[in-house]
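There are two complexes below, and they share chain A, which is joined by chain B in the first and by chain C in the second.
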Partner chain A sequence: MSTTELAVIGAGPAGLAAATTAAAHGVQVTLIDELPGPGGQYLAPTGATGRVHAPLSAAEQRGHGLVNALSGSRIEMRTETIVWSLSADRRLQLYHAGRVDELVAQVVVLACGAREVSVPFPGWTLPGVMTVGAAQLLAKRHGLAVGKRVLVAGSGPLLLPAAERLVRMGAKVVAVVEAGPITAWLRLGKAMWGHWDRGREGVHYGGALLRAGIPYRFGRAVTAAHGGERVESATITRLNRAGSPIPGSETTVDVDTLCVSFGLTPNIELAQLAGCEFAFDPRRGGWTPVVDDRNQTSLAGVLAIGDMAAVEGAASGMLEGRIAGLQAAHLAGRLPASAVTEAIGENAAARRRNRRFGAALNTIFAPPIGLYGLAADDTPVCRCEEVTAGEVRKAIAGGVTELDGLKVWARVGQGPCQGRTCGSILAQMIALQTGRPVADSGMFQVRLPLKPVPLAALAAADGGHDVA
Partner chain B sequence: MPDVVVVGGGIIGAACAYYLSRAGAAVRVLERRFLASGTSRACDGLILFSDKPSPAEYTLAQTSAQLWAELAGTLDQDFEYVRSGAISLAETERELAESARKTARLQQSGIRAEVLEAPALHALEPNLAPDLAGGIFYPDEAQVDARLATVALLQAARRQGAVLQEGIQVTGLRRAADGRVVAAITPAGDVAGDAVVLAAGVWSGQIAASIGLELPVRPRKGHILVTSRVPGLIRHPLLEGSYSASVHTAAEETQVALVAEMTAGGTVLLGSSREFAGFDRSVSETVVRAIAARAIRFLPGLARASVIRSYAGLRAWTPDHLPLIGPAGLGPAGGPAGGPAGLYLATGHEGAGIGLAPVTGSIIADWITSGQMPALAESVRPGRFLDN
Partner chain C sequence: MPADAASVTFTIKVDGRRVPATPGQSVAAALLEAGITVFRHTPAGSPRGLYCGMGVCFDCLVTIDGLADQRACITPVRPGMQIQLTP
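On to the complex of A and B.
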């Protein structure tokens, strides 16, 4: 067992900001991440060739500044480390290189980020069908283009940089297919007033796609992927207002790769396990821990920041991280409360803008519920346990109204991912079939260890204490 | 035929609903959350009788095991019933000799059992630690998926006319002027019946307390670990020899003894722990580690597997380790006993709830529909605690 004043979980932009800010005020900081280095998914190190690099956005530049600040600081960085449990009294259970270890922290800042939302459709488990995020990682980390003829589909602004990068890497992007109507961008434009950085990014990517002659189709979705060994073609269908496909409007395109993304959902599992209070708010991206203006959760000394508290992007995360870092310094006795209050006051307007932007993004581009009817009865929806949509629909017809109830009937959410992939899908499938609000589907109860931990490590840590 | 209200949608409530509706009763099951949302989704699925300490219990457990075999053949929905037989493991020659003596007694009661020396044990289970002294094989023991079994029983009950209402919390019991229990009290109003069956596991006590009835039931917490897939690692459910000892102690401190069960999906469920911790269902990392260590001691190959999840459930402990099954009063006609007429108890199964569910349901159905004490019901009659 070891101790620290502040444990920051997640070394993405938000966590880096919290760690460096607190350390600058003399706080002992342990920064933990599952990846081999700091930066998170957002600042993933580009180990790759020149043409992979795009000009860095302002937020990316600030993020890289934080990564650089780490090396000069006294922050203890624990990479490739999994936090597999967190208790309300701030005991963290860690796993690294075959060993488990307990870390007790006076303050915990959760900065676990977000993950991509998937929507199942027939063929979505074929090789060659992947998330936009996976394609981006392959490109950033290894300089690999995922395919030669690629269709990018889903919803939201994340489709654009992914398509632009694929073009830059020499792939043929057949089209970008957006589920939202063309008016979605107009609505987002209104919410972006004041976000000049983001506006410039949008114009940059949009312009690049336009110059490359890539069609950008609205109000459509990939409703099926076809192929034997691997995806060979995809069916694109127009959607009605509810997001259901309009029969007769199908077209089919030949592709060797299909990249799909429906935006992001917060990584909340550690906060759940610790016992934080939660609320469902589509503007924040779904279920998030309830936090106050300094991002404190309902548990004393536990803060949640960045995309896991509300999906608003890196710039917002870094601002929240800075304030959380100050709050941690205050809790550790290094700063007067007034310093935190002052920082909150100074940044109130910027945070309101971030909130408005995030809310617009999360609601305007949320996948419409009709899309959750795309899966055929034999389409797998829980990939770990290979449970099909038909089995899930049968259970819902039998009276299941919440996610944990579905676990009892249909073995979903019980594989190594504990429902991180299928949870949001199944919640929507329940809502679609019962006509009840999606919040009523609840959250999967999470169980420790949050990620698989080898028995050998757990057994070795048992130091002969008095449980017989 | 009577109207019966069953409180609790776990394995016991589902079995009561099944046998009652099969006998023609009009059954309404009230579940505060969803099917199997309490202990029935936080347990293993073993159907054992060799771990029972008295002949009365063997008979009960054996009868129930036979009922499970019948249900596997009759219920529409599959619940992964496998009668592979289970093996009780002995670490040392001394343990093996002790187990063999116990086995001789079990065999006299008609339980099939076979003493395995080390070579025979390793022939049956090649992945066991090579230094184990042997074991006892009980060929008639079996396993089910507890959650699917609950669903299967309840779906069958529904087809027989039973009604399930989920999301309804029973907060107390309503008594008529003559003292008879006539309804379950819920926030949505009273649900009346000719009989009320309390099958709410460890939570039964809180409901009974509403009419001043004190049940001798305490929550005892048990942990289960789920491993990553290790297909073929074990072929039978395995129990550490000291498992039954850990069941039958009332020790306040945490007891850990290995139980391992392969699921149809290829994961292994690892138990077990027993501790009195009130109604707290949180998982302790310390207990998880202790079970992991115990598991590797017996199955070294598990060192390479991972724990993907763990959970803790609350088993309803009673002072004599026998469940409470039957009328809270002497019978439907009422009587001088401690409990009121109209109320039936089906709780207190501790770690044997899955195994004993069918026999429990069938005893409750017999009591309510015949008014007579069924065979086997004497040793589990709640009156043994409530009469005075």
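On to the complex of A and C.
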């Protein structure tokens, strides 16, 4: 067992900002991430490959500045480390290199980021079908273009930079297929007033696609991927206003890779396990821990920041991280409360702007509910346990309308991902079938260990942790 | 752009076959760069590869140095590493 004043979980932009800010005020900081280096998904640590991608946006440049600040600081960075348990009294159970270890912290800042929302359709489990995030990471971190003929599909602004990067890396992007109507972009444009940096980025990516002659198709979705051992073609279908496919409007294109993205939803499992109070808010990206203006959760000494508190992007995460870092310094007795209050006041307008922008992104481009009818009855919905849409629909029709009920009756969410991928899908499928609000189906209850830890490591641990 | 020859500094073994790897690369990136897209088959026989790419979905599971069910997407390659794919 070891102790620390502040444990920051997640070394993405938000966590880096919190860690460096607190450390600058003399706080002892332990920064933990399961990746091999700091930066998170957004800054994509290049590791020893040294392949740095370009060009960097203003937010990325600031983020890389934080990564560089780490090396000159006294922050203890624990990489390739899984936090598989967190209790309300801030005891963290860690796993690294075959061993488990306990860390007790005075303050915990959760900065676990977000994951991609998935929409199942026939063929979505075929190799070569991957999230836009996976393609971006392979490009940014490893200099690897995921395919030669690529279709980029889904909803929201993440499609644009991914397509642009693939083109820049020499891939043939067949088309970008957006489920939303063209008016979605006009609505987003309005919400982006004041976000000039993001606006410029969007124009840059859009211009690049236009010059490369890549068609950008609105009101359509990929409704099936076809292939034997990997994706070979994809069917694109026009959607009605509810997001259901219009029969007879199908076209099929040959591709070797299909990149999909339907927005982001927070990684909340650690906050759930610790017992934080939660609320469902589509503007924040779904279920999030309830936080106050200094990002404190309902648990004393546990803060939640960045995309895991509300999906708003890296710039917002870094700002929240800075304030959480100050609050952590205050809780550790290194800073008067007035210093935190002052920082909150100075940044109030910027935070309101970030909140508005995040809310616009998360609602305007939320996948239309009709898309959750795309899965055929034999399409797996839970990728881990291979539970099909048909089995799930049968359970819902039988009156099982909560996620935890489906877990028992249909075996969903019982695999190694613990429902991280199928949870949001199932909630939408229940809402589609019953007509009830998405929040009514609740959250999957989390279980220990949060991510698989070899039994041998648990057994070898001193005292033996109680893993029920 | 694939790894250029100068930056390839070691090899790993995938089902006994030698595959070039670059320090800092993930196992998934090394597999994909070698043209391997099917990482495993499920008990029902369905092929799976890289999906989320960020350690969330547990679909890219491979056996690494005898340890089953390791996520290829977030595990960095190391010299001498032995990868087994599930046929």
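Quick note on the criterion: the second predicted complex is superposed on the first by the 454 of 468 C-alpha atoms of A that agree within 3 Å, B and C clash if a C-alpha of one lies under 4 Å from a C-alpha of the other, contacts with A are read in each partner's own complex, and residues count from 1 in each chain.
Going forward, contacts are C-beta pairs under 8 Å (C-beta built on N, C-alpha and C of every residue); 3 or more make two chains touch, one makes a residue touch a chain.
The structure displayed is predicted, hence computed values, not measured ones.
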- Query: Which term applies to chain B and chain C once both are placed on chain A by superposition, clash or fit?
  - Reply: fit
- Task: Pick one for A:31: touches chain B only (first), chain C only (second), both, or neither.
- Result: neither
- Query: Is A:452 in contact with chain B, with chain C, with both, or with neither (first, second, both, neither)?
  - Reply: both
- First (chain B), second (chain C), both or neither: which does A:411 touch? first
- Check the residue A:402 against both partner chains and state whether it touches chain B (first), chain C (second), both, or neither. first
- Message: According to the stated criteria, A:59 is in contact with first (chain B), second (chain C), both, or neither; which is it?
- Response: neither
- Message: For A:109 in the superposed arrangement: first (chain B), second (chain C), both or neither?
- Response: neither
- Is A:137 contacted by the first partner chain B, the second partner chain C, both or neither? second
- Note on the structure: Of chain B and chain C, the partner touching more residues of chain A is C
- Task: Name the contact category of A:258: first (chain B only), second (chain C only), both, or neither.
- Result: neither
- Query: Is A:427 touching the first partner chain B, the second partner chain C, both, or neither of them?
  - Reply: neither
- Message: Minimum CA distance, chain B versus chain C, superposed model, integer angstrom?
- Response: 6
- Message: With the touch criterion stated at the top, can you tell me which chain A residues are shared between the chain B interface and the chain C interface?
- Response: 415-416, 452, 454
- In their shared complex, at which residues does chain B touch chain A? 33-37, 41, 147-148, 150-151, 155, 164, 166-167, 226-228, 253-256, 265, 273, 283, 285-290, 292-293, 295-296, 302-311
- Interfacial residue positions of chain A with respect to chain B in the complex: 85, 93, 100, 102, 385, 398-402, 404-405, 407-409, 411, 414-416, 418, 447-449, 452-456, 458-459, 461-462, 465-468
- Hey, which residues of chain C end up touching chain A in the complex? 1-3, 7, 22-26, 28-29, 32-33, 37-39, 42-44, 46-59, 61, 67, 69, 73-74, 76
- Across the complex, what residues on chain A touch chain C? 34-36, 41, 46-50, 80, 115-116, 125-131, 133-135, 137-138, 141-146, 169-170, 229-230, 267, 380, 383-384, 386, 415-417, 420-421, 452, 454
